[in-house]
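Mind looking over this structure? Questions follow.
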């Protein structure tokens, strides 16, 4: 329970950074932190008290393995995060090249 | 990046890189081929392989690395890996199902076991390694003229 | 296993195979990307029409990937809502692929465009056919990443800025969705949607379902650009190349946003009066705010983008009414909007192709020089404004009737008001762009090439004939089953699970 | 489990530093520290596959991010007065925390998951797929379709990045622009 709350706080730090900061790199940093928190939360809900990792061994009998499904899902989620990050960084670098700044308050040609 | 980067880093870095880059590559291949018996797998192996080339590039400059793995080759490998993976999936139709594990499962704990899983690992690592290296190269070659400053 | 269900995985794999082939071969053979794009999308359109027929005959079909029975493996589900969405998406995609053959000559690296386009299509088809909630998230991300790159395809200042805004907003939306999925997994210990619905129904409605609902409304609302979350759309949609604007406004926000909302809220979490009210408010708000913002615009594509927000509001309003008639109207309007909004964006692309400007004040009298574009644009404008014989009229009419029938008079009033304002706004477009006297500098303007004309004519014909889908006998095949699938609600899980065992 | 709590607190502190520090390079390095902590947390939670992947992905993401921040003439992020935005953000975050804490009570207790579907994987995984690493058996056999999507998303990102970094986006019809990345 407390561990879930700590994980949530990590998520909120990332979210705060995305919503509040005005520097493009900082926004990317915030998204990365929030992604970490969600991934960690998924692994946390899968943990089993006194559990072992879900890999069989040829020498000993392993009982009480942790849930393998969230681990597989988190692997996918990590890759998705990497893909998004790469795209965001490429966009950020091109924006810097065109505008000469990372400050989003100065990048205001469009008004949504 | 800037000019001193193109020439690479100092002699110490270059020497150590020469010693380690092969080991890193080998480790990546180990990780990917043993993905079904030990932790690791195609994705981690592919990233390690990509990192070994990134390492080479950081130490020696982009000319040396691109000589070893030209850009045309990376994008070809990338598409090839993706097609290979989709091909394995479609081959499952021979057994009647998309993504059927149609090869015999073999003996557990051995390298040649688990049907299509090692093959998928190889396809993914090709794709991931080439793809991530391509992203890195694209971002490094991006020059900054900063048109917007004036 | 049902042999007819073998077509389900093809919707994803054909699109992906097309994309991978384009990326390998497209660099060397210059004409090949056009061919692969057109052939692939045509094949998918044909398959989805076939799927409608099959579903009408056999009912819901399940495909278990890798022969693993759900909930152990991933299941793909083909019910009538799925086939309805597949036809909508692939129809628009086909005409857009046709349009792009000539239009994209103005851009460099055509093969990258087609690769990303096919990946986006594959992602959308994946979102629609899957029966697994995490799998839906994965394909949603594919479509989203591809669309981000496509928005920035022109690599100009404003396009990059719009793409970055879109990427940030979309990623935050994805994070909320993923967080919701984690909560659901921990609570039910399954990822299959039918199984999950079954378990959730057995557990009552604790706090957690409410929390997950809020997370999903924020996440999918960001993808669908409902009003408090709409800030990215008016920038992103006009910045993309015209065929992609058509794809984004026409189908992407619907398959990623509205379809996912409908599927999850009606079929998995179970609709509650509270959620219905939230959807109604969001829908009405989008409808009115979108149209008010649209009126003042002079940039043709921006104006169309604001109208997208407004029209999505109609769809969500219809679905939020929760009555069979309202859902029918909402889904029908979803189909109609994807047709006429794609047509409008394609026409704006034609105008830009011929004259090089998007500013309404600089145009004038273009209908004399571009008769096909002028006529099709007239059809689409009347359609979106809700003039009687065209398809837009019927769906708006059904939504308004449904609102009155449900006793929601205020919502009906707002819908009528928004419709009138839409009419005014499109009269402005026709007056400034196509009618009136021809300006001096447009004397040399020519009609656009043949492929572009063909695709707009196809879409215009559908706009004119669209009302026929309500004809008795036709509606029982296409629209009514989709409505039933939504209204059936939690019956979804039963109809899926009985197909497995 | 004390080490897990310590790691999490370390990660939160790292994250706060990454968010609040003015220097962009320091910020990126702090994110790297958070990622390493996450990798260790995965190891403690018995997820070695995820830990390896997280570690290598972390390295690559750091290299890419540092590439974006190095040698900029704007290494510092400016902070401005932005009261309304701050107010809304903090309100939203506090609301999210309060609602979530209510929901955590409905979840199964930490360390005791439900394991409905997962027990099937653990029981039958080795027999049915032949892979000793059950995570590999889940990602490449039971849920291989997800992995196809994952591979595709990376492919999409690569093509997308290559499309974004093009020097020249538009051309006149008939004009031949040679592509740099061939």
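Labels A, B, C and D are assigned to the chains in the order they are written; within every chain, residues are numbered from 1.
Throughout what follows, a residue touches a chain if its C-beta (ideal position, glycine included) is under 8 Å from a C-beta of that chain, and two chains touch if they have at least 3 such contacts.
Since the model is a prediction, treat every value here as computed from it, not as a measurement.
Most remote chain with respect to chain A, judged by CA-atom centres, is C. The centroid of the Cα atoms in chain B and the matching centroid in chain D are 19 Å apart.
Each chain gets one centre point, the mean of its Cα atoms, and the points for chain A and chain C are 28 Å apart.
Chain centres here are Cα means. That of chain B falls 36 Å from that of chain C. Residues of chain C in contact with two or more other chains: 16, 20, 23, 65-66, 134, 138, 141, 145, 148-149, 152, 155-157, 160, 163, 186, 191. Touching two or more other chains at once are residues 48-49, 53, 57, 60, 64, 67-68, 100, 105, 107-108, 113, 115, 117-118, 121, 126, 132-133, 135, 137, 139, 141-150, 152-158, 160-162, 164-165, 182 of chain D. Touching two or more other chains at once are residues 15, 45, 53, 55-56, 58, 69, 73, 75-76, 79-80, 83-84, 86-87, 89-94, 96, 98-99, 101 of chain A.
A complete topology is adopted by the chain contact network, contact being made between every pair of chains. Every residue of chain A that touches chain C in the complex is listed here, in rising order: 11, 15, 18, 24, 27, 31, 34-35, 38, 41-42, 45, 69-70, 73, 76-77, 80, 83-84, 87-88, 91-92, 94-95, 98-99, 107, 109-110, 112. Residue ranges on chain D touching chain A, taken from their complex, read 1, 4-5, 8-9, 11-12, 15-16, 18-19, 24, 27-28, 31, 34-35, 38, 41-42, 45-50, 53-54, 57, 60-61, 64-65, 67-69, 72, 74, 77-80, 82, 85-86, 88-90, 92-93, 96-97, 100-101, 104-105, 107-113, 115, 117-118, 121-122, 125-126, 132-135, 137-139, 142-143, 146-147, 149-150, 153-154, 156-158, 160-161, 164-165. Chain B meets chain D in the complex at residues 1-2, 31, 35-44, 47-48, 50-51, 54, 58, 71-72, 75, 78-79, 81-82, 85-86, 89, 98-99, 101, 105-109, 113-117, 120-121, 123-124, 127-128, 131-132, 134-136, 138-142.
Every residue of chain B that touches chain C in the complex is listed here, in rising order: 75-76, 78-80, 82-83, 86, 89-90, 92, 95-101, 148.
Those residues of chain B whose C-beta lies close enough to touch chain A in the complex are 38-39, 41, 43, 108-109, 135, 138-139, 142, 144-149.
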